[in-house]
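One chain, chain A, links the two complexes that follow: it is found with chain B in the first and with chain C in the second.
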Partner chain A sequence: MTASAERQDGIKHLFIWPAFLIVLVVSLFPLIYALTVSFQTVRIVPPTPPRFVGLDNYAQIASSARFWGAIGTTALITFLSVSAQYVLGFLLALALHHNVPGASLYRVTFLLPMFLAPVGVALIARMVFHPYLGPVNDAMAGLGFAYMPFLTEKWPAIMVLAVIDTWQWTPFVTLLMLAGLQGLPQEVFEAARVDNIGAWRRFWGITFPMLLPLSVAVIFIRLIEGFKIIDTVFVLTGGGPGTATETLTLFAYNEGFKKFNLGLTSALSFLFLIVVIVFGTVYLAAAQRLTRRYA
Partner chain B sequence: MPHVELDAITKSFGAVSVLPPLSLSVGKGEFVVLVGPSGCGKTTTLRILAGLETASSGQVRINGRDVTHARPGERNTAMVFQNYALYPHMTVRGNIGYAMKVHGVPRAEIDARVDEAARLLALDPYLDRKPRNLSGGQRQRVAIGRALVRQPEVFLFDEPLSNLDAKLRVEMRTEIKLLQRRLGTTAVYVTHDQVEAMTMADRVVVMRSGRIEQAADPITLYEQPANRFVANFIGSPAMNFFDVRIEDGAVMLGAQRLPLVEADARRLGSRRTVIFGIRPEHMRHSAHEARLTLWPEAIEPLGAQTLLLGRAEGQKITAQVDPRFPASVGQPSTVTIDMTQAHFFDPETEARL
Partner chain C sequence: MTENRGLRRMGLLLCLVWLFFAAFPLYWVLVTAFKPPLAVSQGPTYIPFVDFQPTLQAFRDAFAGLRGDFIGPIVSSILVSVTATVLSVFLGTMAAYALVRFTFRIRLLAGVAFAVISIGGFILLDALTALRVPHALLIVLVTALPVAVWLNGRALPGPVLGNDDVTFWFVSQRIFPPIVSAFAIYLLYAQMGKIGLPLLDTFGGMVIVYTAFGLPFAVWLMRDFLTTVPLEVEEAAMVDNIGRMRIFFQIVLPMAMPGLIATSMIVLAFVWNEFLFALLLTTGDWQTLPILLAGQNSSRGDEWWAISVAALISIGPMVLVAAILGRMMRSGLLSGSIK
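Let's turn to the complex of A and B:
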């Protein structure tokens, strides 16, 4: 080895270590710390000394109906909103791709919801869906329907949460699907037109399968993001009525920062991680089979 | 009755006119090649025929039926694209049979027709592969198969061989030609390669800036080019052109005197200046020859013949001579010109005289 090569070899440590240490301090250490905490009872209010309890925290959570309810609620909101986001987002992308009149104006305005802070969106939504002051109930009353308690009953509240998430994140799907559409080879569609294949068949037979891998990725991103929903729920319903709309992250927040039951909360976080990994893996496995078959 | 007719079609994109009024008719079973430099409007013409572009004015007729405003699918044409345009997520079998499947052709018939096409194009071993696992030549054969199973009225080819390597191009060009002849389907073929045009076409249409410069069979095009552009475009290496004077029944290239054939002398009459064209391969002995001295600047031995690239009286010249022709760079060299093969063009209009 020459002298200069040795010196370069030394430099590599200079590049690697800071990054490694940052990852260690910011990411790995808290994770490992949280894992150890999850095997202990740690209470700040009232302060009690940490005590090792093994898997007790996990057992307690797994046997609580509130936890399974939160998983159900989170999965339901995510499933509803991601389905709607994908369908609407893809439709909008198709419309923009085929240059409907005024497409350039829409292109910008459609993206706006994505740039808003979720808390802001939730505050707007709280006014829009307000049982007595909100325009939605005004409109429904105008049409002769009864007032709807949007935020104080379980199913309407879940629907509202799904609608808000859809409103905010459909632009994200639109943006990516539009990029995908614009990347497709034009000649393939011309060939199909010459072969007298109608627009409907062109979409299902060509466009959709060709965009299937991208769709899988977009839905995956939205699923993972969707599972972390907390801000809108916190502002709109606070998880209520009761715990009817409580999502996993909100459950963890309530345990950790209202009851300061940190051991339980850490265990909950790890269970949340496991839930997301399980859902994600099942989804990816299913998607992969689909892709292999059609794309 | 012509099978395919373009009647005074024009096309403009915004303020830019791509095609001035252009008319062309193609007979049934004829193989017509549109050839010209890029941007000459040949592809636009083909796309108007396919319905992928709509003519700004004029009429397109196929089999006597006005299809000017018909959708591409309603014209019963099949098109082969330069970059194949295969459906990437379907197997070869799926690609070839897709249109039939969509149109509700029974399964058994689809299979039979796909198998027949695959046999014809030697694609049998690849039927279950996807396009990304095929070579360029195989992909283009799939695209051709997809076109021919539809049994269309007209085949449209848009530079189908441009993405293939030289050897494959030569093979495929023969295959396409034989296939078209066997099926007897009318074909319109676009290329920028004059060799492809000459070898495949029943009739070659040479285009420049949207206009048809000449439409004729390959030999006529070669022997009697309508103007300097066609003469230059057709033939390889390209024809030599010299600005010359005509004096006493002879071409005067600087101080060199090349006596004219009698018929040419009569035809040129009292003209004083013309463009004199002679192909490099027409520099050999004949009944009526003239001697021309040139100064070679480069010598390219090709085996069967040798090319001398140089200057004669200050004007560029390429001469094709025998392999053992005694010539060396910088030394004057005399070739014999076959004056029966001389071409003359008007210096103003560049039209054939």
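Let's turn to the complex of A and C:
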């Protein structure tokens, strides 16, 4: 750093503090309050004065089957959709990278889904998967299958939610993997081609290992985002039938805003945070072992 | 070469299948918006003029306000998302610039001290005094922050965090499930309302939340864009004794314009589509489009033409965003942002 830069160093605070303060005050400080509330019984309806109950809220949630059910549902939808997104997104990126004819035609259509409101996507899905008036069942009837109640039974509903998430977020994987592919050094591929190494071995021997760190990051982002799923579930099934498709965020929302049991909901959202951290750590540890095997 | 041709065919096939899969729902919502009621209720219809006679009735109904207020949520969505995007991209760019051009050293112990003082202090104030929650939080903040800054200047033992850690701190805000902070913000906003500062269901309250929500993206993306801005021009300006602020506004910002546009588009899309915070923090006046959309579902049942119009209104601006980013993707601009 030059001498004049050192002299003006103080100004760096002016640059960073506004952003720092906003994130601190809006994102982190309310958590302190929520943490305190999570050890209390606070109800708005009927109003009761706050009472300290220690870990009771946490114990109550951890022993409820609905909580574990919500974790299972969320993890299942996320696992299904992220696997599909990664495989499809990577394949599409490879195709686009190798200049498939008409690439410019696909670009906007491929990108668009990830910029749409998940609520809007869910509304469209509701029409498309409608048991009598929707085109999917129409096509299935045309192929000789029976009408399928996609949204009112547990397993079809979970599959539909995973398909929607895949539809919406595969573009994200494609976008990043394509950027990764474009950043790879061309010389290695030239050399491999000169040595007459087949496409299959080129992919597994060069492309895949070189993009492994990026893949780990992309999947991580999608896992974290996937765990937050509420919008589509809220509109499509409302968590039903019963609580069969209830995800963690929806569970927290239902507890907090239908029953107005604030202490319990705060505790629930912190448990949710712990679940995300546990899943994230397990994933990163596994990914690290995989990366090391290739390195 | 035969092997390659086979692979290319498979790639093309995959792209075409995906194109159909990606485009069909969009086509469906587009044509449904022009369908008369009978074309919906008598089973699926696909092609306008062949299967049904298109009509603009659903659009007329929507904008005449026959089906609830459409204009209100549109206006509040535009105001809130544009303001929040401008603010977070601007502040995020400033922070990113600081992270690229200066070095920060933050002692871990000072950070720990900050956390301990603020959490412990708040619990004490909450238990021992009758202070309102916002007041107590404010007191804790103005005590803990100077103490932490002062401690950071001392020669404390323990690890020292650098610029990458500060960036990670910003980005890590995205790891939190939003329900955790959304719920906490709801509680806090409700408390603020009690002391005479209404934030629930107000323009200000929404903009603050969405600015904070967009900042992690803005800092992360702009940091990568700013590293590609050449240092020499700035150094030349500094030799001429031009102040940092002027350098930032007159040299750095114009040079980073493509990055600014790309980042703004991404932040705008996230704010425009955001559902959870809007669901918790608005009740009427400042409801945004996603909330209106979610409401369509229960209030409309199978009136698909009306639902499609609402969905199209929310989709429209995003088509533009995707088109702009698609152009940038072609020019290889985004490949820099993943390193």
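Please note the rule applied: the second predicted complex is superposed on the first by the 270 of 295 C-alpha atoms of A that agree within 3 Å, B and C clash if a C-alpha of one lies under 4 Å from a C-alpha of the other, contacts with A are read in each partner's own complex, and residues count from 1 in each chain.
Criterion: a residue touches a chain if its C-beta (ideal position, glycine included) is under 8 Å from a C-beta of that chain, and two chains touch if they have at least 3 such contacts.
Model, not experiment: these values are computed from the prediction.
Contacts of A:M210 after superposition on the shared chain: chain B is touched, whereas chain C is not.
Residue contacts after overlaying the shared chain place A:A62 against neither chain B nor chain C.
When the shared chain is aligned, no partner comes close enough to touch A:V87: not chain B, not chain C. Here chain B and chain C are compared by how many residues of chain A each touches, and C touches more.
In the superposition on chain A, A:V194 makes contact with chain B only, not with chain C.
In the superposed pair of complexes, A:A285 makes contact with neither chain B nor chain C.
Of the two partner chains placed by the overlay, only chain C lies in contact with A:K228; chain B stays clear of it. Within chain A, the residues touched by chain B in the first complex and by chain C in the second are 198.
For chain A in complex with chain C, the touching residues are 1-2, 4-5, 8-9, 11-16, 18-20, 22-23, 25-37, 52, 88, 91-92, 94-96, 98, 100-102, 104-113, 115-128, 130, 132-135, 138, 167, 170-171, 175-176, 178-180, 182-183, 198-199, 214, 224, 227-228, 230-231, 234-235, 248-249, 252-253, 256-257, 262, 265-266, 269-270, 272-273, 276, 280. Taken together, the chain C residues at the contact with chain A in this complex read 3-4, 7-8, 11-12, 14-15, 18-19, 21-26, 28-29, 32, 40-41, 43-44, 46, 91-92, 94-95, 97-99, 101-104, 118-119, 122-123, 126-127, 133, 137, 140-141, 166, 170, 173-181, 183-185, 187-188, 208-209, 211-212, 215-216, 218-219, 235, 238-239, 243-245, 248, 269, 272-273, 275-276, 279-280, 289-290, 293-294, 296-297, 302, 304, 307-308, 310-311, 314-315, 318-319, 321-323, 325-326, 329-330, 332, 334-335, 337-339.
Within the complex, the chain B residues that touch chain A are 50-52, 71-75, 77-79, 81-89, 98-99, 102-103, 143, 146, 150, 156. Against chain B, the residues of chain A that register as touching in their complex are 185, 187-188, 190-198, 201, 205-206, 209-210, 212, 294-295.
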